[in-house]
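In what follows, a single structure is set out as structure tokens and then discussed.
A, B, C and D are the chain letters, set down in written order, and residue numbers restart from 1 in every chain.
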Amino acid sequence: MFEAAARARLDPAHYRYFSGGAGEEVTLRANETAFQRICLLPRVLRGTGKLQTDVTLFGNRAAMPVLVAPTAFHRLAHPEGERATARAAASAETIMIVSMAATVAVGDIAAAAPGARLWFQLYVQPDLDFTRTVIRRAEAAGCTVLVVTVDSPARGRREHDHGFHDLPDGMYCENLRDGDRVRPIAMMPELTWEHLAVLRRLTDLPIVVKGVLRPDDARLALDHGADGIVVSNHGGRQIDTVPATIDVLPEIAAAVAGAVPVLLDGGVRRGTDVLKALALGADAVAVGRPVLWGLAADGERGVDSVLRTFREEVEHALTMCGCASLRDLGPGLVRR
Amino acid sequence: MFEAAARARLDPAHYRYFSGGAGEEVTLRANETAFQRICLLPRVLRGTGKLQTDVTLFGNRAAMPVLVAPTAFHRLAHPEGERATARAAASAETIMIVSMAATVAVGDIAAAAPGARLWFQLYVQPDLDFTRTVIRRAEAAGCTVLVVTVDSPARGRREHDHGFHDLPDGMYCENLRDGDRVRPIAMMPELTWEHLAVLRRLTDLPIVVKGVLRPDDARLALDHGADGIVVSNHGGRQIDTVPATIDVLPEIAAAVAGAVPVLLDGGVRRGTDVLKALALGADAVAVGRPVLWGLAADGERGVDSVLRTFREEVEHALTMCGCASLRDLGPGLVRR
Amino acid sequence: MFEAAARARLDPAHYRYFSGGAGEEVTLRANETAFQRICLLPRVLRGTGKLQTDVTLFGNRAAMPVLVAPTAFHRLAHPEGERATARAAASAETIMIVSMAATVAVGDIAAAAPGARLWFQLYVQPDLDFTRTVIRRAEAAGCTVLVVTVDSPARGRREHDHGFHDLPDGMYCENLRDGDRVRPIAMMPELTWEHLAVLRRLTDLPIVVKGVLRPDDARLALDHGADGIVVSNHGGRQIDTVPATIDVLPEIAAAVAGAVPVLLDGGVRRGTDVLKALALGADAVAVGRPVLWGLAADGERGVDSVLRTFREEVEHALTMCGCASLRDLGPGLVRR
Amino acid sequence: MFEAAARARLDPAHYRYFSGGAGEEVTLRANETAFQRICLLPRVLRGTGKLQTDVTLFGNRAAMPVLVAPTAFHRLAHPEGERATARAAASAETIMIVSMAATVAVGDIAAAAPGARLWFQLYVQPDLDFTRTVIRRAEAAGCTVLVVTVDSPARGRREHDHGFHDLPDGMYCENLRDGDRVRPIAMMPELTWEHLAVLRRLTDLPIVVKGVLRPDDARLALDHGADGIVVSNHGGRQIDTVPATIDVLPEIAAAVAGAVPVLLDGGVRRGTDVLKALALGADAVAVGRPVLWGLAADGERGVDSVLRTFREEVEHALTMCGCASLRDLGPGLVRR
């Protein structure tokens, strides 16, 4: 709803960076259109009154099953950057997954948004000591879950990004500060499932694996002790022509079979999308670009508005579908 | 056929109110395109002479299986409002389902259109006494069937409606008059199947449940004593990405198995659409927006023209398909 | 190939009359796009040398399996009208099916085009004596096959025709002359399969039934003694949303099982289309609008060019598919 | 990536010649869109480090499984013509299949590009002695494989070519020199599978059959001693509405069952396309138009850039899919 306003306000190169995807952007578009091709089958006269929309994940309650996905560089969108996003997430009583590539340090984000429920997204770095340092910062800031991105053994090739290479002066990936300098984020093609055990030794936080698109990988995640899974194609930004996340969700949810929470991001733009994802097996979803558009358009208020709209739309869709609770959502409510 | 003329005459906000749907209007479009994807398979050399196109529903004969669907606020379209619509329906010898949100009282509609066959559409109101009052007015006006809308536990979220909030001065939902005031129409999320029994105690009229999209709900309707069913998604106005009505009709008709009449609305724009719906199990269809466009374009004459065109097109399609009677329409005449 | 030139030359109302279809023109478009969705699977290294492209139907040899379909009012397209079309068909050594609604009498067409192979298309008229008179004229002109249109129990409702109602002064359906006057062509909804027996008593010509879209009707045609079948939806002009002819051809060909010749018209625009139709069971195809565009663009020479292009394309496609003969075309050559 | 630049630089008739396809260009488009409809299913956390991207075909090692397809008339694109293309192929350490219709003689190409790995594409000519002469030239130039085009028993009918008929003055198909003159290239509809045995007597080079679209033809190729197969529809230039090559690859690969190498061309534009083709059974792919666009845009440097981009994209896609080696590519990596 805020994309046009965001586009008008953003530096065009930054807009393209936020909005773009890999290759011909087949997956970027598919993430959204796949939701539109799934039908909801509302039930009538079910007498929904007060709705139950909250979800508890790893002991963290969110007032709705819509989390803030980790996205980079919020200060490109608004001077308050991740501070504003976190305050809006706190107001909405939902969880914000802070990006390792945040332009505000995770501790400063936490300080700016009392009551925020923060998780932390991590790219494992070749220097494990430094990786531990970053995790410690997240822990110290009160982050309660570690979300490890596994779909990025290399950077995405995003041709639409041309024109955006470096953060503006004075803007840094603050979570990667190392004394006087800020380390660049490294992508690690050599990362394997065994690194989950390494991470387990570095932190007691639940470890959620983000970027799974195959049921066999979901089973491997369980085998290697992952505490949760995010079905994600990185918003269509890493490699093109991978499936829309909602299209692979059912088989991944079947493989996980309730053993750990399953989240999904990618193309969630409407309350009806949220219901479809939950009906098809997700415990919650995360939204990235919509939050960025709200932030760029109007800072904290914009994000407030985006999250409030999601909340209202989820409640509206539940009511319309005759579901009093998220627990009423199941495969019988949708048709693919 | 009158949409362009209607658009030219209507206040843009009112045009958007009539034409728009929920969300991205996926369902609004699907209602129409689903009909286009169904093929008719005409039979040749069947010697159709005089055609049988009339249908009798709950003892009411209509000269064609095309009814006027309940739509709100006809006086937005034309000063004569529902009076004009009813007169045209009477001329066409078909049934008009008067909307509870009519801008002319149902009694005045009946008085203005002698010979009209009127049914009455109801949103059950929290105040059951007042609900009874409204039903009594419909009964007093000669309405012979009560059509209870069940797909609206809340208002639709129609973003295209912005600009239209209130009826103009002097225009009211006349059926909701309560002494000096006009009550607002309440949507009741707490409505359940048990309310059908409550309604049954309030009236002896046949009760038709409008807004069913699932075969299990159709069976529940039968179990709870409904006298008929309207397969409807409220013209795509309540919640987006629900199926096109014609796409769910066959399984609902199979579930009902002839126990009660099954009607359909949503996307019916052509005589061929009417034949397809009947071939797939409907007893009749109802048309909403086409009537509004006729009304806005040319008042009673416009609606006359719309209904006459439907009649001619139904007759033409029957002839072309080698069907002398609506009874010849069956699943063998279509391919999905 | 000539449509743009034809459009530029024709009275817009006449262009719309020739080009248009019924309703939203779903079938009109489908006739063409259905061919594009069927793949050819060429065989390589088959050593096709001299090609066999001729076909013999009811004792009439055509140099290619592409006939001129019956279309009305050629003098709207060119002053020479059907005379020019027939001369071009004669040059191409193919069969022209003269329309009952020709603007040149069938006898004059025959006289103008020595060597032409003419068939005659008939709408059975309520006055059987007059029907016999018309058939006699066709027989006297040397027509060797009677093609009876059965898909037109009524006129098509073609909204795009508005503006064209009557033939210009001095132009008439010459085959319907009855003394001083020209009778209008009547459509007969009361026509039944039994009328084939009536026709059989009126003529010794082979009787081909044109306008079949269902395998059960094809079987009825055989049962009632039809000598051939044309799978046709009247170029999408009679009733919209009936199937593309190529899509129903295989099941009709299977029903006929070689008992009589099966022809197809509708959407044939390319040599590859011709091969697909023959591979899927047609003995030959007929082309309507392409001939009209050639006629409108450049008279006899235009039709010459259209037919020559079809011939060249058929030969090219056969060569490319490794087929030396039309007999090599079978279902293994296509994929739907 | 260079098509726009190439279009800007090329004579429009030459651009159309290079870019165009047969008929309505259904196949031309399908070649590309078919790749987009196939999903990649990346595996995560597989620890790919150093990648293996080289492939050895008939003893020739290529650093990547992307060859330069044979395309005609490179001097239309750039004065250096095939010399520039060959130098870029040599730099990229990949194989160039020299077109028989090259505008530089194969010997001169080889001389201009030391280290180039050249194969030679042949249209068998009616004069077998002259055919042998042409093959000898290719052998003398160091070509190590003979690629025999079998999909061209006649020239394609490419309507978009109008305006291009003859090579400019001073430009010739140098491989067809015969004393003072240059012979025209003849297409041979009479070519059969038996000609493979004839060719076998003319050369000891491996013989690869280019232009197979059916599994039965692939089996015939094996039966007749072909050493390899190129699944190709000639870039959509010969006959329209044949299938996209990637769509028929799996059944052809199954028919070949590893007996000989299977290559594919047609629509390969991205590293992800390369992975899909290999996952579905190809040993390597060849790219035509992208090379021409690079050549037209910037000569050798343009082709360098195109081939380098393919190399980078293949490596990127392998990394993203968790595949350390081309050998890890299999049907489990894709979904159609």
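By our rule, a residue touches a chain if its C-beta (ideal position, glycine included) is under 8 Å from a C-beta of that chain, and two chains touch if they have at least 3 such contacts.
Not measured: the values here are computed from a predicted model.
> Since chain B and chain C share one sequence, what rotation angle in degrees maps the C-alpha trace of one onto the other, as a multiple of 5?
Between chain B and chain C the superposing rotation measures out at 90 degrees.
> Give a one-word verdict, same or different, on whether chain A and chain B use largely identical residue numbers at their interface, taking over half shared as same.
Counting which numbers both chains contribute, under half are shared, so the two copies meet through different residues.
> Could you put a whole-Å number on the gap between the CA centroids of chain A and chain B?
Chain centres of chain A and chain B, defined by C-alpha means, are spaced 43 Å apart.
> Find the geometric centre of each of chain B and chain D from their Cα atoms only, then give the gap between the two centres in Å, rounded to an integer.
Inter-chain centre distance comes to 61 Å.
> Could you say which residues in chain A touch two or more other chains, in rising order?
None at all.
> Can you check the complex and tell me which residues of chain A touch chain B?
The contact residues of chain A facing chain B are 35-36, 38-49, 270, 272, 276, 312-313, 316-317, 319-322, 335.
> Would you mind writing out the residues of chain B in touch with chain A in their complex?
My answer: residues 23-24, 26, 150-151, 153-154, 157, 189-193, 195-196, 209, 211-214, 216-217, 220, 238-243, 248.
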